[in-house]
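Below is one structure, written out as structure tokens, with a few remarks after it.
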Amino acid sequence: MVIILEYFMIFLIVLMIALALFAIKTKDLLSAVIASGFISLVASIVYLYLQAPDVAMTEAAIGAGITTLIFVVAVRKTKGREK
Amino acid sequence: MVNPVVIIAITLMAAFSIGIFQFFGKKFVRGVFWLTILFDFSAVLSIAYGFLTGKITKPIMVKIGGFPPPIGINLSVDRFGAYLAVVIFFIGAMAAYHWLNKGIDDPEPKALVLMLLLLLGSTGMIFTQDFFNLFVFIEITSIASYGLVASNVDWSSLEASFKYIVIGSISSTFVLLGAVLLYKFGGSLNMLDISSKITPSRYGGVLMIIAIMFLFGLLIELELFPMNGWALDIYQGANPAVVAILAGGIVKGFYLVFVRSAIYLKFPYILKIGLIFGLTTYLVSQFFAWKQKDIRRLFGYSSVGQLGLLVLAAGFYVGGGLQGIDKTYMLLAIVFFVLNHSFSKSTLFFITDLIEEKDIEKWKGVLKGNKLLKTLFSTSVLSMAGAPPFIGFWAKLFFVLAIPKQYFYVVVLVLLGAVAEIIYYFNLYRITSSDSENCFEIKGSIVPASMNTLVLLGLSFLSGYYFFLYTRISVSTNLLIMMGAAIIIYIFGFSRIFQWVLSLGILSYALYLFKNININLQGFFLLFILVGGLILVFATYPVSKKYSWSFYPLLIFSVLSMVGIALAKEWISLFIFWELMSWSSYLIINQGSKAKKASWVYLVMSAIGGYAMLSGIKLLTSGPNLVPGFNSTAMRYSTLSAILIFTAFLIKMATAPVHIWAREAYGESPDGFTPILSGILSKMGVFGAILTVVYLLPHTAHSSVILYGLALFGALTALFMALFAAFQENVKKVLAYSSVSQVGYILIGIALASSLGYSAALYHTVNHLIFKGLLFVAVAGIIYRTGTSYLPEMGGLIRRMPVTFLAFLMGIITLAGIPPLSGFAGKWLLYSALLEKKWMFILLIAMFASIVAFMYCYKLLHTIFLGQLRDKYIKVKEVPLPIAIVELVLAGLTMAVGIKPSLILDFSDKVVKSLGFYGPGYAYQGAHRIVSKFGYWNAYFMAVFAIGAFIIALVLFFLVKAKIRKVGQLDIGYSGEVPDSPESVHFGYDLYAHMRRAVSPFISPIMENSYKKVYNGIAAFVDYARRFYTGDLNTYAMWVIITLSFIFYIFYKGVF
Amino acid sequence: MRKIVAIVFLAIIGFYIISIFSAFQFGDKYKGVSEHYVKEGIIENRGANLVTSIVVNYRGFDTLGEVTVLFLAATGLSFLLFSCKCEREFKRIKSSLVLRTATDTLFPMILLFGAYIFIHGHLTPGGGFQGGSVIASGVMLLFLSFRSFHPNHKTLSTIEVLAGISFAGIGLLGLVYAKSFLANSVLPLGQWNRLISAGVIPLIYIAVGLKVGAELSGLISDMISTTKED
Amino acid sequence: MWYKILYGLLVVVGGLAYGLLLGGISRKITARLHGRRGPTVFQNYIDLIKLIRKKTAISHGTMFFLAPMFRLLGGIGVLLLVPIVTKSAILSNFSFGGDLIVVLYFMVFGCLGMALGAADSGHPHSALAPTRGLAQMAGYELPFLISVIGLAIAHNTVSLGTLVSAQQGGILHWNLFQYPFLSIAGFIAMLGMYMAYPFSVVMAPQEIAVGPPTEYSSTFLSFMFTGRSLFGVGKYVLFMDLFLGGATNLLEAFVKTFAIFLFVVFITGVFPRYRTEQAVKFFWTYPVVIGLIDFIRIFIK
Amino acid sequence: MIFFGASLLLILIGLYGALVKRNLIKIIIGLSIMDTGINMLIISLGFVKGGTAPIISLKSLFQKNSLLVDVSKIVDPLPQALVLTAIVIGVAVTAMALSVVIRMYSVKKSIEIDDFKELKW
């Protein structure tokens, strides 16, 4: 069980880094924003594993929720794609 | 005293409550805002006052939540935190006032909230003693400034704000990382607690990386060199009110936090950071600012430079191994630097907002109209550039004195930077003070700038007091009081005659005070200055009306600072008064309508000289003896220090390689001041040179070489300046070169370092005052009457101004050294002295120079007074009475001295004896017969002989009495024609065209051109180099990262 | 070019930072103040959630600052976005029926949930920030379903202000009663693991929750609402 | 003391007579060299008397009026300051211990006076001439100073009397032979000083009437004439004292000064005229280089 | 250990985004990724192997004013408290940055860095 959890964590971490790279690489700003939101979400799971439920909640609510929202709003307002 | 946490709580509550008050209207919001600021300010002021008076001695510790320090967060308000908080709140209030008067855009309550929280954040940052809490307050400060920076109407402020956000985020990331890792390292976040767990030996390991990360975060905020592009952009783009508070207050908060953190972390390489980053930042920004066209960015460069200097000072303070008084000095230097920069720079930014003009070139003539604005601007600029007696000067002085001697190169580099600073600041001042048609109105309130300046003045006074208190230098209180009286003269600016009388009164009083002074070198010069000053100031009244209110105060100030030089007992006090003299004379020269460029050159050269002197003095200091007296014998560097100190005096004397300022500065300075500049001020160089030769050179290894070199400089100066003078077409410029040329003779006399040489030098010093004062005063009168100083436009004035002509003729005869007037005795003594030393080549050049001098002597007489009188001057009157009186007095003096040289030589003998020479090298027989071993000179006989010969000629003339018929001016034998206009037959332009053809290679302004080339070269280089700041955000961020890697690389000696 | 330089220097920095990790073993024991927090936290504060104890009490000053930061961001944002003298404009676009119906039912529950989180901050995971952001996400939902929705700014500000003032006020009360700002001795500490316990911690967290909720809602509404200019 | 003044007057009168005579001889010789008959050697006396006897004199102003006085004073001064016959109580005149430097400066006195008067006349040409003169002076003074300073250093004195007594004891003790290069430089400078022919651009008879005294006539001119003659004699004596060992009696003085005079006159007759800048350049090159040879020799010694 | 590495990588990737990307929003995304990385690093620093969350709500853990569980079995609560603050601050900064970007867009209708190089030299 513990081992499975650790492998899962490794998977999550790889996922985070992949998402981060995607967020930096992609030309579509909206995708980048969503990806970075996902990073926060994944991070909050990691925080749970690291015995930090408070932080996990905050990260999920603020990092993944509010931040993503304001990013999306900003992207829409700037009608942006990266050149 | 108020609990510091209450300040934070109240401010926060006020900021929060503005959200409700905004519904009631702007007035409520403003009321809340001002009440809060008032409360905060008085609260921090009460704490600071407690520290200042010694009521509070230990830092105030505030436990928050009732937990003892490592457990809970605690605030600690120490002395400097309290002082800085006062400064921040004061400047914050001023900035807010300024901004409100200017009119904030629509959501004003929100702006005020941001402002309040900005002040709160920086106060918290200073007060807190917890690393993480520090991060929180840094974030509060940063976010508030992001918002405020972006608030300018100009959209480029957004760009600046964005850059700031990105770099600020990176910076706070490192601070956060550092704080957390410090917690991991030390088990707590409390600064003291962590500090107690750190020993320098632990820096071998990861602690280095952690400390570097934490401090690096703060270093970014300190705008150090490779990573300060964003800061400059903020200075340029943001609202000046915001910039004023950022530069004037907030950054200082970051600085204090940085220093404190470095102390707590016991960071071992703080000095290296100072030397690498601080010094580089300082130098680079001082030079990059040269060609800056945007005034705010210019001030930005200056701010950044000051921060670099502060970081350097902190490096020395924390890690320089300073002890005892040195450490105190450095601390005072830092405090003064901070105060100076805060108040001056915020004033300057306010003023940029009042004028609303960004391009420097468009600032032309800004200061012409408004006296108050001019005062504010000048005060700030002067203080920023380190002019005495403003606080910036004392800061720089303390700083230089405190630097350990093995870091002499730092002194040199810092002073180099200071020169660069003066160059661009006074380029700006030159532009702003020049004449222009431009019309400016002041948009906004001038109150904040005035308040700032008032505080600055108060602080300057205090800092000067502290300087003398700590260095234990004694100055004459009388002198300082009299200098203070110059301010009173300023107040009475509405009445010129009152100012004049008051000035004369002060000088007479000074003379009365010092009437019993010993005639040694100092006493001699003291009397020389005061008597000469009195005579020459007497003549200024008629011409003074052309110049501003500050003419007389500055005049008295400069004369009294010369007195200060003469009274100085240590090198350092000599330096202080020297700088006072240079700056006040600069300000006077700058009042000449065409003198802007000239005075700038004068100032820059003076600054180079002054700072060379300071670094030379620095070399003389040794151990606890920080302020060497003249007899100091710290001899390790004394050859170099003697040369450095000499540089200052040579520049003031304007001898050969450093003469470039003289022509224009003499030529364009106010007519009332030129006699003093030439007659007295340049003699302070003589005074200093004698001091150096007597007290310093005997200890050096190469004194004979130096002396011969000096004599050669002197001789070449005498020769070439006399030659140049012949080709000038402006009367004052002719006299300018003549002055310099004469000072060359004096220098030869000094360099001889023999009793005869000193006698010659001192005699000629006084004599030069007499005849050059006479000539310049007469010229001032002539210019006053005719309105021109251009020689070819004059001519024939003998018919209108016979008295002036007579006096002028006397002056010229004395100048040319023709017996029987007083000029010859000086020449005779000098030549005897040279013969005695057998310096044949110097003698040859000196004598030849005096022959060459005849050319311009004749030119002056001819083109001004002789030849054809122009029609437009037919109704010109004799010069005004005060000038005529002075002319006659001086003419009388030259005759009296010519017949009886002992009038001067009695004094100079005493001086020569007091300098340790047994006799003057000549003997008297009577008061007029001087005997040296090469022969003798009988002035009395010569006068009688000349007069006798004249009588013989006259008698012969009347024996053959013929009928003399006076004819008209145009009635000349002109090829059988009578010319119809005086202009067509007056020979006044380019008198020595033939000579010019002969000597053309020698009179091309080689030196001037090479100085110009060097200046232009540097300027072009820095103009190109400042493209380093590409304006590209990515690049800025990249430099941050590169710097961090660099710091890691140089400081981290690996755990691997 | 820029990329290569960036990678090189980032690698250098990474290389040096990695060296730190040799000193701090992952999952190591800790020492220092945290020991105190864990050992004495419950005794001193009666709050079951140690993180809350730290956030609100031991390091309550940080939290005050944090609230201020959020407040600043909200203020700064509206200051920036509406600094020109333009009217705000709200576009009216209808969203799907499902969303609207769901919102109708979900919104009160979300509010309730948020309130629960911050009221129970001293007992369970979560607290003012989490609760506040949950409330804000409820508001966000309103925005999504009713595009024309805009919250009453006066109400929001009033809540915000009152919450903020009460936070700082509680701190000052501590100063009055216990001579220490934010001291947890205004109210009796009560019993461990009860709703009404831990002194002022729940009060502060309620204030924080309300303030954060109001601020984030305001922030979102400011972001979403546009000016006529656009 | 008073008898000295009396003798001084005598010297002045004698000097004047001698000077006028030399002037006449010079004119005669020059004329002969040119193949003309020329005026009689007493022509200058005639001219002087003629000028004095003119009834009216035109004046342009105070300085114009005073200039001839200055000129005359300069002439008298120079003549009286140089010892004609050394160790003679009378004919050593008013020479004293430091007279060399005084003479150097006093020589300018008269020139300056004349220049001022000329300028006061308002005539452009008479103003032009002094500028030429001053420029040329700057030219010839350099070699002259080289030789004077060289001699002063070599003999360790600035007294003409001492210089002369140092040259006593045979012809080889003369500075002319002791320091030949200095002497050459000095004599070349002397040519310039006399504004004699290669360097005569100051007076420039062809272009500008009579140079500085353009506007002068009658009595004024007579004074200038007198001054110039005295001045000339003074300078011959000075050079005699400097290079030719001075004179122990009046005859020797006459012979030596006449020799110098002849030298000047013959050179004058041969060379064409330089422009000002050419003259200056000439003075600053050849005589300086020549003079410096001895100068450096003394310097090293 | 892997968490350290992951957080460091996130930080560096975020920084890389800020250093290289020419789009303003992309830069902010980079910064927010960097924030996440930092937060994760702090949490991992506070982790204790085999520890439980710092919430002592079970009766078995706390009785009669004394802690029954071994201190080393509870993860470090302080970093968590710090991260709470850091997250909120992060969102605040992001919001500020985005609002500046929105304003910049309204001025120049562009969010590319190349259009914002007015302030320089």
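By written order: A, B, C, D and E. Residues from 1 in each chain.
The rule is short, and it goes like this: contacts are C-beta pairs under 8 Å (C-beta built on N, C-alpha and C of every residue); 3 or more make two chains touch, one makes a residue touch a chain.
Treat the numbers as computed from the prediction; the structure is a model and nothing was measured.
Counted as hops between touching chains, the shortest connection from chain A to chain D is 3. Compared with chain E, the chain whose C-alpha mean position is the greatest distance off is D. The most distant chain from chain B, with centres taken as the mean of CA atoms, is A.
Judged by contacting C-beta pairs, the busier of the interfaces B-C and C-E is B-C. Relative to the centroid of all protein Cα atoms, the closest per-chain Cα centroid is that of B. Inter-chain centre distance (chain C to chain E, centres taken as mean C-alpha positions): 15 Å.
For the pair chain A and chain E, the distance between C-alpha centroids works out to 11 Å. Look at where the CA atoms of chain B average out and do the same for chain E: the two points lie 51 Å apart. Annotation for chain A: residues touching 2 or more other chains are 53-54, 58, 62, 66, 70, 73-74, 77. Shared interface positions of chain D, defined as residues touching 2 or more other chains, are absent. With touch defined as above, residues shared between interfaces to two or more other chains in chain C number as follows: 2, 6, 10, 13, 17, 24, 30, 33-34, 37, 49, 51, 58-59, 62, 65-66, 69, 72-73, 76-77, 80, 125, 129, 219, 223, 230.
Chains that are in contact with each other form these pairs: A-C, A-E, B-C, B-D, B-E, C-E.
Interface of chain C with chain B (complex): residues 2, 5-6, 9-10, 12-13, 16-17, 19-20, 22-24, 30-34, 36-37, 57-62, 64-66, 68-69, 71-73, 75-80, 82-85, 154, 157-158, 160-161, 164-165, 168-169, 171-172, 174-175, 178-185. Residues of chain B that touch chain D in their complex: 796, 798-799, 802, 805, 809, 813, 816-819, 824, 827-828, 831-832, 835, 838, 840-841, 843-844, 847-848, 851-852, 854-855, 857-859, 861-862, 865-868, 931-932, 934-938, 941-942, 945-946, 948-950, 952-954, 956-957, 960, 962-967, 969-970, 972-974, 982, 985-987, 991-992, 994-995, 997-999. Touching chain B in their complex are the following residues of chain D: 5, 9, 12, 52, 54-63, 65, 68-69, 72-73, 76-77, 80, 94, 96-102, 104-106, 108-109, 112, 115-116, 119-124, 127-128, 130-132, 134-135, 137-139, 141-142, 145-146, 149-150, 152-153, 156-159, 162, 209, 214-215, 218-219, 222-223, 275-278, 280-281, 284, 295, 298-299.
The touching residues of chain C, when paired with chain A in their complex, are 49, 51-52, 117, 125-127, 129-130, 133-134, 136-137, 140, 216, 219-220, 223-224, 226, 230. On the chain B side of its complex with chain E, the touching residues are 132, 136, 139, 142-143, 146-147, 150, 155-156, 158-163, 165-166, 169-170, 173, 176-177, 180-181, 183-184, 189, 229, 232-233, 236-237, 292, 297, 1026-1027, 1029-1034, 1037-1038, 1041.
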